[in-house]
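Got some structures for you, see below.
Shared chain: chain A. Partners: chain B in the first complex, chain C in the second.
Moving on to the complex of A and B:
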């Protein structure tokens, strides 16, 4: 009965629930490890990730270079750690940019289902969703160029461009999951009850329906983060993302592609593993969250 | 007529059935004075709930109010704009529902839902709204209101949920409370407690109550006057004592007979009203109850029954029991 009472306890309980499923625990560990790497990169990395050392080029893994060195003698381990930054930045920030739009469109369309507003919003969503994500990102960066662009007092770096483009392209997916929940909640008894009690449409949408969408959005957002990590790696690989010499897993793979058959396996293995483990971790975490985050499935003690 | 709070006259509500419109409420008229408790009795599908929703102008979106007027505190509700009527709903006109579980948002704490309603109608600060919320939860007899505020709906028992729902309905001091079968989803001991609570609210707050039910005993305990509905018509209206002691309409009589009594012989067969209520799109002439009526006469099948008045009571029957 005292369980779940205090706000502080609630977050702890969520972590506890995630950790108590085996796959959820694995996902949490992988994601936390990557996040720690990204945050504390300057303190963890043993070398400067852009430091060229031509004398020690293409060294296999050793005690001084745990993951070996690349074509120009840079430390692969340090580059790997620094490479977590653009990956997670793009993955997370793109979702955060897409969320408000997805919520706004999904809630409005779901709440006013059957009206002209819903028809217009959802048709636009379908048009955007029909275009492949990576193609649009490549096209936008291709047109704007990879150089930082000044915008008033700000410099729009290439990474920011990618984040904004991905965030915009996430809106349809998020809008659809919000729409699905909102449309079914909008016809539920409690919404009718709340109307009878005189509560207005805006309050109903924001205060009543939105919290019910949170669990699916959190799950979907986690999976989209994994998509963003992949998109960043893909764009960097084709040279439209993070620009060399800065480190990114996509850039590292791109540099390594000449060595696929020549025996320098460490150049390919480690960035490939980093991308895979991050994406797997986010997916496992998303699945675990989906199992947990439904208050209606909660079967704990009741307050009687 | 000065303290007449609600005046419903010749209300008709229609829903599409197939290609045609069928009437769920077929010309209902009644009034409620301030401080009254009026019960509405009838089988499922007799138009009780639709009448209540039509008073709030909130019938399901396919339906339409085709005729009639609803005057509440001197204002015509049916011609009022949506924005204006929304201000009345939940403040002057409140409603309690049958199933207290589905009437709550499962994802929000009780407190938040209660505060949303209070703040939709008053411009009071969060502190004042919270104080008011605790006050009404205490008023409806919930122990430890602060704990209830923090609870999710599924953490409360059915009786506590219904009390909380009544609390929401009372939060803005409504002039009229409509209770739509508030005890049907609860077990018998809790039913008695809820009726007790309504009793207390009536005496302490002078609450005006429209109580929709098909439970005669609870209604008799709570209400002064009762309206009996059948197939969208009011068939009889009168004081509860009159109705129970000398029902005029055969339908009222049979409803009363249907309730099993403890003193009945054990092997006595339960009384049932034979047949089914007419379908919503029935258009046969004459009294709609005539196919099931034991005291039917030829005229019942031909002419629509006209209302007879007898002091405080009225009934629509060609062959009343006198």
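Moving on to the complex of A and C:
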């Protein structure tokens, strides 16, 4: 009971510290707005995002279509709201997929520092980290093809492929930050004391060291989510992500590309703003979290 | 000395492993490349023959060995789609990418370092606020969107620069450079933001050290104190800078796509769309090599700048 209340207070305190910095507050607002848009898309969007209306094609912004309509008369505002879904899905789920791997590798290597296990794990991490993530993601998705792949009873859509590939590529970065914390915790006095109490290695790693890695991982996770949003939009933009006619900000920009010579500015402006505001929000939130949770570290993850 | 060798050797090993992974990736995919290249109703024997011609019937390891030996001998093979020599294609596209990405990075360093330093010297001032807004916007706004906006409003709207394409130097210096302005600006501003963020953070860290306080207390002129701090702030910036240089080649992808610059990334994207697997292998390998070499350069520069690192391990 007391523990529960403690946790609640801690989270409230964190929220309070974020909101008390101006940039952190702005980031929190932007991210919440985008998350609400994604979750409540069916209720907020005034039109069906894939509804074709040839009579009203390429309409500039008006009262009935706040952000205008596209080539086939679809409402840009509705597509924008639905487009928040793939962006945030990829951004968040890729991090969640990368987390277990990152924790496992980082904790093991950090805990057994100086052993052959650490040497092997961290060399592998270094090698994967030596690859430009974006290029690999593009090559993998491109080679696998953008068509949905059947896997037993499930259909693996392109979005799932991107989530898995990005998640896997996040592991080395996450492993490194977990390693850094775990390695310094593993040699600390309280761990030595716990060991003398007869606590096993696994318990030490999971219930003593892991919680202490959380704050660093929260910061990284937020910034990596921003990277994932950018990656989804970018891949969709070059035709390797979400496939039309589904709405995604990258797909919308890719459609808008055909109109850069004819002046339909609303097609270009709004999806780009949506991506930018989401990523700015996540980056501001990540920076604020870092200032609060991890003040000594000042370098961010590599996102591209 | 040993440390230098160790890092260089590590880069070479990384390069081999990555080339192997990329090779496996392009060979493990479902569906033979033959199904992409040949007609759907090609008789079975011809498909098998085509696969034999391209060594596809051998185990992946053997194929990799053949490919590696050929590549090390400078024979990159040919495209399965156009049947053109890959070495020739690369000799055309690499210089283009290296030129415009290099210029972008130069712009990023020339603008980003001073911006970060000024920002750190007067934290909280209006200059700092503006610099931070530029930095957070620069790292967050997708560069292909910036590129599209520049094309729509500056190239098409105002008609100042060409909307895309690459103009070789042989068509005159003016047209050559004017076609480069928008792509260089797009990529350059992005990395300006990245570098200024790191420079600011690193410089602030250096300025908070005790030796700076001591130097100030001894009455040294501010510029001399700043110079001391800068000297200590630079190594991490060099490190991040070299890494960013490697990344900028990966980042160039979307910009080459928007502007239709026939560089390395556009070659990769086209190869992916055509499933031209030898081309995919080679372009990914080249981009990764640039990245690894940039990282190696960063490591070696850091070793040279920071004597403490040389004794570690």
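Some notes on this structure:
Operating definition for what follows: the second predicted complex is superposed on the first by the 285 of 304 C-alpha atoms of A that agree within 3 Å, B and C clash if a C-alpha of one lies under 4 Å from a C-alpha of the other, contacts with A are read in each partner's own complex, and residues count from 1 in each chain.
Simple rule for what comes next: a contact is a pair of C-beta atoms (placed from the backbone, for glycine too) under 8 Å apart; a residue touches a chain by one contact, two chains touch by 3 or more.
Computed from a prediction, not measured in an experiment: that's the story for all the values here.
With both structures placed on the common chain, the touch criterion links A:193 to chain B but leaves chain C unconnected. In the superposed model, A:108 makes contact with neither chain B nor chain C. Legend: residue contacts after superposition of the two complexes on their common chain; A:142 is shown touching chain C, with no touch to chain B. When the shared chain is aligned, chain B comes close enough to touch A:208, but chain C does not. In the superposed model, more residues of chain A are touched by C than by the other of chain B and chain C. Once chain A of one complex is fitted onto chain A of the other, the partner contacts of A:288 are absent, as it touches neither chain B nor chain C. Shared-chain residue A:183: touches no atom of chain B or chain C.
The contact surfaces that chain B and chain C form on chain A in the two complexes overlap at residues 298, 302-304. For chain A in complex with chain C, the touching residues are 23, 126-127, 130-136, 138-140, 142-145, 149, 226, 230, 233-234, 237-240, 253, 256-257, 260-261, 263, 265, 268-269, 271-272, 275-276, 279-280, 283-284, 287, 298-299, 302-304. Residue ranges of chain B in contact with chain A, taken from their complex: 53, 56, 58, 86-91, 94-95, 97, 99, 102-108, 112-113, 116-117, 120-121, 147, 150-152, 154-157, 160, 168-169. Per the touch definition, chain A reaches chain B in the complex via residues 5, 188-190, 192-200, 203, 207-208, 211-212, 214, 295-296, 298, 302-304. Residues 10-11, 13-14, 17-18, 22, 25-26, 29-30, 136-137, 139-142, 144-145, 148-149, 151-152, 156, 163, 198, 201-202, 204-205, 236, 240, 243, 246-247, 249-251, 253-254, 257-258, 268-269, 272-273, 275, 277, 280, 284, 287-288, 291-292, 295 of chain C touch chain A in their complex.
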